[in-house]
Amino acid sequence: MTLAPTDTEDLAKGGEPRINDFAVKFANVNGTGSASANNLILRAIFRMGVPVSGKNLFPSNIQGLPTWYEIRVSGKGHTSRSRRYDLMVAMNGQTYAEDIGQLGAGGFVLYDSTWPLPATLLREDVNFLGVPLARLCGDAFSGPRERILMKNIAYAGAVSYLIGIDPQVLAELLEESYSGNPALRDSNQKALRLGYDYAEANLPATLPFRLRTDTGTKGKILIDGNTATALGCLYAGATVAAWYPITPATSVAENFQKLCERHRRRKVTLADGSVETRNDYVILQAEDELAALGMVIGASWAGARAFTSTSGPGISLMNELLGLAYYTEIPAVVINVQRTGPSTGMPTRVQQADLLECAYASHGDTKHILLLPADPKECFEFAVQAFDLAERFQTPVMMLSDLDIGMNDWVVDKLSWDDDYRPDRGRVLSDAEIEEVGHFYRYGDEDSEFVAPRTLPGLTEHGAYFTRGSGHDRYGLYTEDAGAYAEVVERLARKVEASADRLPKPVIQSKPGANIGVITMGSCEAAVIEALQLLESEGMTLDYMRVRGFPFGSEVKAFLDAHERCMVVEQNRDGQLRSLLILEAGGDGRRLTSVLSFGGLPMSADQVAEGIRNEMQE
Amino acid sequence: MPSIKKPLIPLAAMPTNEIGLTMRDYEGSMSTLCAGCGHDSVTAAIVRALFELSIPPHKVVKLSGIGCSSKTTAYFDSAAHGFNSAHGRMAPIATGANAANRDALYIGISGDGDSLSIGAGHMVHAIRRNVHMVYVIENNGVYGLTKGQFSASADIGSAAKHGKANTVAPIDPVMLALSLGASFVARSFSGDKEQLVPILKAAAQHRGLALIDVISPCVQFNNHNGSTKSYRYVREHELREIEPDFISTGREIVVDLPRDGSVMVAMHDGGLVRFRTLPAEYDPTDREAAMHYVNQAHARGEIPTGLLFVDESVPDVHELNHTSETPLVELPFEELCPGSTELEALQQSFV
Amino acid sequence: MTLAPTDTEDLAKGGEPRINDFAVKFANVNGTGSASANNLILRAIFRMGVPVSGKNLFPSNIQGLPTWYEIRVSGKGHTSRSRRYDLMVAMNGQTYAEDIGQLGAGGFVLYDSTWPLPATLLREDVNFLGVPLARLCGDAFSGPRERILMKNIAYAGAVSYLIGIDPQVLAELLEESYSGNPALRDSNQKALRLGYDYAEANLPATLPFRLRTDTGTKGKILIDGNTATALGCLYAGATVAAWYPITPATSVAENFQKLCERHRRRKVTLADGSVETRNDYVILQAEDELAALGMVIGASWAGARAFTSTSGPGISLMNELLGLAYYTEIPAVVINVQRTGPSTGMPTRVQQADLLECAYASHGDTKHILLLPADPKECFEFAVQAFDLAERFQTPVMMLSDLDIGMNDWVVDKLSWDDDYRPDRGRVLSDAEIEEVGHFYRYGDEDSEFVAPRTLPGLTEHGAYFTRGSGHDRYGLYTEDAGAYAEVVERLARKVEASADRLPKPVIQSKPGANIGVITMGSCEAAVIEALQLLESEGMTLDYMRVRGFPFGSEVKAFLDAHERCMVVEQNRDGQLRSLLILEAGGDGRRLTSVLSFGGLPMSADQVAEGIRNEMQE
Amino acid sequence: MPSIKKPLIPLAAMPTNEIGLTMRDYEGSMSTLCAGCGHDSVTAAIVRALFELSIPPHKVVKLSGIGCSSKTTAYFDSAAHGFNSAHGRMAPIATGANAANRDALYIGISGDGDSLSIGAGHMVHAIRRNVHMVYVIENNGVYGLTKGQFSASADIGSAAKHGKANTVAPIDPVMLALSLGASFVARSFSGDKEQLVPILKAAAQHRGLALIDVISPCVQFNNHNGSTKSYRYVREHELREIEPDFISTGREIVVDLPRDGSVMVAMHDGGLVRFRTLPAEYDPTDREAAMHYVNQAHARGEIPTGLLFVDESVPDVHELNHTSETPLVELPFEELCPGSTELEALQQSFV
């Protein structure tokens, strides 16, 4: 699983530095405030118009353990994780050896030269750039807290110099970030200069790789998936959220809370003339995930758009109530930001291993609608769709994001909103409508998509019905009759099947003459697309499909049929997407092979390419 | 056509309430519980309480878990939406429904298995949140529907039908609720409608979660001597320290101290409930005294019933949250969605 | 789903009554004590040496609703449910119409003629036999309770006369049942005679069907699956059981309790000379299913053989902890007595719809060992094996029984026990063994089946290790390293795969020349076997395989490969066994078709035959 | 080789206990918690308590849920088996382990999130069953590991790191336990080892479930003024009514009434714990008085610490069950399996 250090020296051969095509890795100690320094660099690069991605490889711990941050700069827009680093910002003594070992020949190490590097770490084929950060900050700042924090900004200054970040952009960013706190802005500014100036004075003027201002991020934003998801929920008109904290889903609810505080508060004038703030939302931090989904079911049953966000362990705990919502036909939006399983697993590592669990969650015959976004933009869009689908089909809809999408910053097209959008509330009857029809059969009278009408508690005078997770007939009455029971569950199967037509279509790229396909989902996309380009340059032409929803539609089936062979790239051990394609899209197991990565780190293009090459040779 | 309300043709003889409805209008479907089950008496009390309160039948929302007790929701007010959900999960589902639409009377019905075992965590947190609802535990000390296992409220040493003695200390929902800071705690007995109906009415008017532990004997599995949940036992040992007497008009704000053995408690919607306390000094607004009273009674082998504690000053979920008065479900989408211009503005922080 | 009344008149044509080949249906009101009367008849037939089966079709209710009991008598040993009834014992006024409607022409109705039957119910083509049961019992007994109870015994007397039950056998049975209560025995005896004598005096001497003493039940017993399962747990040496009540699993734990009280109590003499009873078991009625499995995991981790029993909703709630046990490699035996889902579903109806849920329970990549018994005898045997497998492979093992097997009485071969059996405790190290090896790697040093060694808490001085559901390496140490993590989970996959060889092999019946196979599992067996005989008599020769364990072994794969086409007969909506065969045994979806029944009633042979015929025509 | 005990080479200077071990022998692996985390102080107290009790290190079984607090089990007694299980499920897992092998000291470590939210139902039932174990809640009022959300024990109005006020009433595990009939209820403060160590020792010797609510501040997310779980607040408001002083030899049976402001409690294994009560009349054997005391202290804004209640007469799971003295895990199969003859006999009832 570990990549042998690759030779990067040749990259510098030409004399001219490589422009907008390199990777920097930051090795830090968590809880020391390095995140803001690294983020500053990421945002500065973005501001310079250069596509960039940042991957945070952090431990499940609060303070004191090693943590890494990887920045990949790619003028071509490749944002998957790179496993070749050009510059290692080695700020953690505990992991010096490991970090330096990961560099290819000709790579650069930036370290804190306040203390000499142990001789055993020195490598002949790597360039060591020392900046006496602790000393510089010790002299310039007082108090241990400030010194530690400012050391981070100082190395950011040095890195900025080395890779060519526009100091003007940095200054602007600090100005914006600390507009409310001039003192903090000034000390940040000072620390940044400290590093920058020292580097300018003491380090090589140009490295073999460098930034150049470009226009590659025009019309784009830098956003993480959880923020985008929360925005989607806000825009979809969700008014109730219920959640239980869990990494990496926590920031979905926390962002939703922040957004609601800004966009869902109104001043109202009370009878006595006084003015009060009123909230057009309720956010419930539940006692556990069972309760969180229970609250969502209650709120959705009552007619609100409601959602919960969780990760694997929470999904497991929600199994029983997912079945309840499925069988009683209550909308429920569940955001699953996937992490590495099984069990507690690696809570701060990514995986796509909840696919089967979510598709068939709960005992008995069930099947659930899934949405599979690949990046924050799709998180925003699919979150909105999730509510429409849940209400249209009166059933749980799970959006499977993951830690990589959810917690890392991605460059995506600016989000857009159509002001003509109106929620699809599905079949909700009013008193007038019931009177018109003359009857109301809660689980009968289905439309062409097999959806039956519902009414909302407390809102209709004549539409009351009794909701039960026990056997019921088309009228909603209790039954133990085989036929009456079967009629309802058969309709359920057809209903979920019918939803396929309304789900986001797969993304397909067909190449003339290709008869082998590569299929993937979610956050694998960037790595797979890049790998396909790589392979194409080697003469291997492959078709591409990324599935975006389950149940699969006809396009997915057609793609499978049209290809002699497909490789399914996914981040889990058991090839769960492949399984689902076999079961639910008529895929032939013999013609579907897996390319897997499941160690918990985001996929890189070379991993994918290697996996595909191996499979092709077999 | 299960959900079309039966036509309202009041029979001459049937008394009507303030909104012109008869008791019939608050009834539900036929009970399928055992003849003589305590739970059916609770159903009857609820029907009467709703009738006397003149609540529009469709403005009630009925929720329950799973169990014989939880079937109760089907047996009253068929013009109200009901939800017989999953075992132990009534509280969170009610919490969510109430969050979405604050403009209804939420009645949750549960059993001792449903609330004190599988749903214990949820009950604790619903109490803590003070969700605005009536929370009835039909407490029979057994798992009725699964045929007679002991529940967590079974008494030490009480012998179940199959003759084995229960050996684990019971959980008393009343003490639990008091210790958790519940804002309304009462206990009653299914066999005593004179007491139960006024308590239900008071609970319906309470702001926040009103917990009522109703001892409701299971004739099938727990109605034998020796069990403290049987009719015999309760009749003999019940200690009625409070004779509630409901007055549905008038408005008063303050909670009076007990005087002449009685106390007036102003309910949230302005209704007044006068509680007569058997011990002249009983004050249902003093939590500690309530705990002491219950402890003392238990020590004497007595079951205190009545409105044991009430505090109208504890804010409910919505008050704490400053939720809009308009139920969330009735807010138009246009007011909820910030729109494209705002989205554009928002994204300034993402570049 | 409802069967048109079939013509049974012709069956009587020959003049000679049909011997040991008929079905009786009893329509009762639940909670009135009819169960003991019906059971008396069942056992009497069994005692007469005639194979018989009883299916209880009861409501999820305690008292007052309709309930049915079906007895099928089959000299040939066909014990699946019959949907053709020869005699209807119509004891429930509420369901008269429905019950009488279910009879074929020429059928017989036994009813309580104390009150006349409404004229609308009378059918020309059916024979009505009246016995004034209420009047007879009203005269003979006092008190409403006794009258109601004895009415049941009285109809049993009448039925006994009609179908030819040996009165001697009945007398014996009553003698045995009420040996401790002569008064009760006498009143039962009296009621029985009441019915018998009335029938003898007033009803036809012979019906067109009749019992005859035989030897078909020699060496056999009449037992329900839950009792057999509890016996298996007792014999396997289980000492800890944790459970939460749920229909239809409750009687597993309740029977285990009874068995322990009889077989696991010892008298010990205390220091002061007094004698006390000591229990060699602990049974914990848990607060919920999460706790029940948690207790089992704790006890198994500590080294006891422990199990829980539950049904669908409980399995859903156990999802998270199943993943914990899987990943931490802790044995856990879970008995799932399946009922109709989804959600609360129909708690007193049968289904086999938890298969997928159990195979892949929990988030992340998981796969679990399943055992699939077909009858109470296999429940006994597989329960024992479940503990061996769970301890050998250090992982959860789920036995999927169902309501039909678990709660109905089945005629099976007498259970046998090999006194040389010793539990397979798997790889448990002692201090001495650790010292010998010189090290102890909890999740490494795997054997040929990929099982690593474990130690038991408190029992070794040098074998302590730390169990965690979070990422761990082969040593059991916390890790977030991709390679170290992957090493362990890859071994897990191989380990569970390796278990296939130790699971019960499929039952296979091959016919010369058959190139189409029928595959099934669990309680479908009786109906499928009978259907195959039926079809064979029509000239359709089919091979048969019943899978008994998951992961599937090579025999299952070979069977699939060897057949052009297979039909998979199962009791669920979505063809879950078929899905599993496709995913996990290389089955080709195009060659596997489903024959399903999922209305909640046990399958009958004619249903299966019809399903197969339909599939064959397509 | 994580599980081979480090060789015991006692340094000259290190004191040894009755079984010849040093404090080192009770240590675990290096803590990865934040510098200054209250939980690490609890770890240190546990190490000292085990050392002073001279418990064979491998005769301890350590169990926890998930959270920063739950990591504690890794940081003491590495010669003992540990189980860092799933969030909220420590109690049932400990119950099962204890059922299987009664011959060990079970120490369960949990957090306020772990025990008062997701695991609330389990905690309630472990208390009710009186499982023989030490149950430590490292209570910091927040979810540390998930970065600072309020837990159910967060105080009303206390502001979390991000500045939002908590608005829901806290659950007090001490009151909860007292109301559930817990047999041993204590509270202490991670910053005060002098009090915590003797309480832990008493708990280890208690028969049944010993609940210790340890206020254990999170330096990261909750150690600010205004929070009642911060070092500052506790130091200022802590009310130490009991100064425990542990005596590990001698045997006495009866629980003395308080005299000279102190009370002697005889522990199950015969150890004696002398509790000095600040209020001379404090009697840790009177449940009602304990509730009253805690209520009064809370009303004054004070946190009472010390051994608040103990009752050595409540039977634990095994006593109630009459389980064999030999741990179930050590019973030979031959004694457990009834054998073929018995199976034959048994089946007489199936024909």
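Order of writing sets the chain letters: A, B, C and D. Residues in each chain are counted from 1.
Assume contacts are C-beta pairs under 8 Å (C-beta built on N, C-alpha and C of every residue); 3 or more make two chains touch, one makes a residue touch a chain.
Everything numeric here is computed off the predicted structure, so don't read it as measured data.
Ranking A-D and C-D by contacting C-beta pairs places C-D first.
Comparing mean CA positions across the assembly, the chain most remote from subunit B is A.
For this pair, subunit A with subunit D, the centres built from the Cα atoms lie 39 Å apart. Computed from the mean C-alpha positions, the centre of subunit A lies at a distance of 43 Å from the centre of subunit B.
Within subunit B, residues 66, 86, 117-118, 120-122, 124-125, 129, 152, 321 each touch two or more of the remaining chains. Multi-chain contact residues of subunit C, defined as those touching 2 or more other chains: 60, 287-288, 313, 320, 324, 343-344, 468-470. The touch graph of the protein chains shown is complete. Here subunit C touches subunit D in the complex through residues 46-47, 217, 220-223, 227, 231, 234-237, 239-240, 242, 263-264, 266, 268, 276-284, 286-288, 290-304, 306, 320-321, 324, 414-419, 421-423, 434, 439-442, 455-470, 475-478, going by the rule given at the top.
Residues of subunit D that touch subunit B in their complex: 117-122, 124-125, 128-130, 152, 167-169, 171-172, 175-176, 178-181, 287-288, 291-292, 295, 314-315, 320-321.
Only residues 32-35, 66, 68, 86-88, 113, 117-118, 120, 143-147, 149-150, 152, 220 of subunit B touch subunit C when the two sit together in their complex.
Residue ranges on subunit B touching subunit A, taken from their complex, read 1-5, 56, 58-61, 63, 66, 73-74, 78-86, 89, 91-101, 103-104, 121-122, 124-125, 129, 317-318, 321-325, 328-331, 333, 335-340, 342-343, 346-347, 350-351.
On the subunit C side of its complex with subunit B, the touching residues are 31, 60-65, 244-247, 250, 285, 287-289, 313, 343-344.
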